[in-house]
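Let me give you the structure first, and then I'll get to my questions.
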Amino acid sequence: MLDVSDLVTAYGKIEALKGVSVHVEGGKITCLLGPNGAGKTTLMMTIAGILGPRRGSIKLAGTELVGLSPARIVSRGVALVPENRLVFPDMSVHENLLAGAYQRNDKREIASDIERMYARFPRLKERHDQLAGTLSGGEQQMLAVGRALMSRPSVLLMDEPSLGLAPIIVAEIFDIVAELNRDGTTIFLVEQNAHMALKVAHQFFLMEQGRITFQGTPGELAEDEVIQRAYLGTRRTDQAGEESGR
Amino acid sequence: MDPYLVSVLSNTGVISFVALSAYLLLLTGEVSFGQQAFFAIGAYAAGIATAMWGWPLALALVWSAAAGAGCAALIGIPTLRLHGVYFAIATLAFAEMVRILFELLRYRVEIDGQLVGPDGTDGFRDIRYIFDNNIEEFEFLVLIYAVLAIVLLGFMLLERSRLGVMFRMIGGDATLASLQGIAVARYKVLAAGIAGGLAAVGGGLYAHLTTYVEPRIFDVMLGVHTLAYGLIGGLGTALGPLLGVAIDIGLLESVRIFAGYRMIIFGGLVALLLIVRPRGLLDERAVHKIGQLLRRATRGTASMHDSTGAEGRTKGGLQ
Amino acid sequence: MIDLVQNTIDGIMIGSSYGLLALGFTVIFGVMRRLNLSYGPTIMVGAYFGTVLYLDYGAGLLAVAAAVVVGSVIAGIYVERLCFAPMKAGAGIASMVSSFAIWMQLEQAAILVLPRHTYPFPAIGGGAPIELGPFFARTDHLIMLASSLALAAAVQLLLYRTRYGLGLRAVIANPVAANLVGVNVKRSIMLAFAGASAIGGVAGFLVLAVDQQVTPMFGMWATLKGLIAMIIGGLGSIPGAVLGGLLLGIVEIHSQWQFGPQVRDLFAYFVLFTFLVARPGGLFGRVPEDGLSNRA
């Protein structure tokens, strides 16, 4: 469904992505795990078109996305729920959802989609008139997800949806992720919370320092090793041993 | 020396003070459209001191610097909480208020049967200290540049000092700086005071150079110009604003062919320059590269005196 | 007492044009978080365009008005393309100084085209002022007030009831998030600039028609008035811009009546300074968290 090949993205002279290849299968949940600074957000931003890669390609069902503006990429059916939510704080919940449907013209369908969001996220319905900036973290996360869904994407990208949220809310969010996938949405999810992510993922990738260091299904790698590498990166004791002159 | 050249160089020198004043504030991260207010305060203060109170020039300049610094520090306090555009507009408002106050200022004393002093919008005439003391235009030019040289020396020392580093840290990220324990407020007021004093000294020199000042000179245009000099010449070094002044006044003033189109060409060039060099010609990167080149050139001679060459070896091991 | 009310009425009339200038300013600032020092001068370009048509071709009132608006928009897009669009994030100061350089450029170009200090400008309305009891209101002032309020209401509607307005508000709130929901941010910004210039053009036309003359000082004057009114009303607020303008107009007329034109300007700047120090958000604006820094 979504094929990233040999992607290189750099900030000036610093390469954040050093040739990343990821295959996101249609209809499944794919997770990207890795420590801070590994380049996960950079990958998401590159796919969404906010950042431009130096080299490589991103194909959605065969069509190339590299070089397209973010707005075009949305119209092709890829929507990103960004890190830190980035809701529009001075707009109401309702307006935020409406903004998600910015490119759509079908007013009646948009209205019914919004009703569907309210059904899925009852707390948003309660606060539909409230300014998004006054919502709690968990509610903002749901709003960000709902907003992204309004463009009816075929691939939903999610960047660290559990960031800064209480465990109960995190569980709710992952329930929603699983539910969305059951309803047919392909999901590519970046997470630091490896434990929760592995519970829902069909396949996962491990990213460290701009490279993919592992890919497979949950269970192929012991969970505690995954968590270790997701938070801390690959263990370095072997390398240090060589240097000290063994 | 050709009197026209003396005049152009004198003007360049005097304006440099205000340019450096705006530059100092830019280092601490603040844009000021109002340094011309202290230029005005310095001009009037020094003029009043010599023409009306009979003070010697040196004392008058010290007094004008103090007046400028004092006013700047005072104004720096209520504007501490402002940043960015809000601060910039506040400085603009303040400077315009100062200018209008000078338009309303009427303070004259009788000296040798003549009324001398600031007269509202008609300005302040007869600041004739250099005539009364037989100071040649060229001598005054030397004085201007002597003071400027001292100021530049001060900036060079500042760049290498802890204070200079702290200013640049505040300019880079004030929140981060305060988290490091830097008393940001105190240093900002200090910077504001120094900047005010600088502009005021320039004003004092200016008043005596032209022997006549009027409030109309100290307008918004001057303020934005002085800011622009730093942005054009470069924010990486104190020589940057001077370069900006030199380019504007020096080059284009003396190239008469451009006369009617000067601003059209200059304005367009500045806009294009800022696209590729948003921090000016001598920006931090350029200064760093020049510094590297200079260090490499001097290291070429120094390595001959380097006895062991151990420095080279340890560097490799610490990779 | 009668003077007080009459002055207030006159202040409101003049203030309505300040409100329009503030409106254009606030749209640009809201979208870019950067100060456009060329705002007034671009309107002046439009004004000169209209003046040339009036003087050399005897154009009618509506044609002159259209010329002023079109000229302002063209100049505004020129400034946006040169001073704002190419600047990377964090180069806010460079944008400001660049817009200043273009201000100088436009002002000198204007003087080259029309070298005299002042030129006549067509008037709107005419005939005797309208009497409302013991008070007077000039017809051209009333036209200015009505047009300003109508235009401000139209902009408010555009921003809050259309999809384009929603997109623009999204850009103002968070350009990255706006990109992510499919808004073409670059195009929105350019269109906002053009719109702001058009609004400025209308304001400029009204002011000049009431004054019946145009001078090269108009550029800086328009920028300053718009700036002050915008701060008083609060950045990013449309009703704020209008109210800020009205308030400024009232303060100005009253202080001019009591103390003369210099104190009038002194008061205006004093009010501006006080608002900045005490309440930078103005009457209605919300102080944006990143709008305070130079990181724009």
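Read from first to last, the chains carry the letters A, B and C; within each, the first residue is number 1.
Assume a residue touches a chain if its C-beta (ideal position, glycine included) is under 8 Å from a C-beta of that chain, and two chains touch if they have at least 3 such contacts.
Since the model is a prediction, treat every value here as computed from it, not as a measurement.
Classify the inter-chain contact topology: is it line, ring, star, complete, or other?
line
Is the C-beta contact count larger for B-C or for A-C?
B-C
Counting in whole Å, what is the centre-to-centre distance of chain A and chain B, each centre being its mean C-alpha position?
The answer is 50 Å.
When the centre of a chain is set as the mean of its C-alpha atoms, what distance in Å lies between chain B and chain C?
32
Mind checking the centre-to-centre distance between chain A and chain C? Centres are C-alpha means, answer in whole Å.
43
Could you please specify the touching residues of chain B with respect to chain C in the complex?
So the residues of chain B touching chain C come out as 26, 29-31, 78-79, 81-86, 88-90, 93-94, 96-97, 100-101, 103-104, 220-221, 224, 227-228, 231-232, 260-264, 266-268, 270-272, 274-275, 278-279.
Going by the contact rule at the top, pick out the chain C residues touching chain A in the complex.
Spelled out, the residues of chain C in touch with chain A are 163, 166-167, 169-170, 173-174, 176-185, 286.
Enumerate the contact residues on chain A facing chain C in the complex.
My answer: residues 48-50, 69-71, 74-75, 79-80, 82, 86-91, 95, 98-100, 102-103, 147-148, 150-151.
Looking at the complex, which residues from chain C come into contact with chain B?
So the residues of chain C in touch with chain B come to 29, 33-35, 37, 82-83, 86-88, 91-98, 100-109, 112, 220, 224, 227-228, 231, 262-263, 265-266, 269-270, 272-273, 276-277, 280, 291-296.
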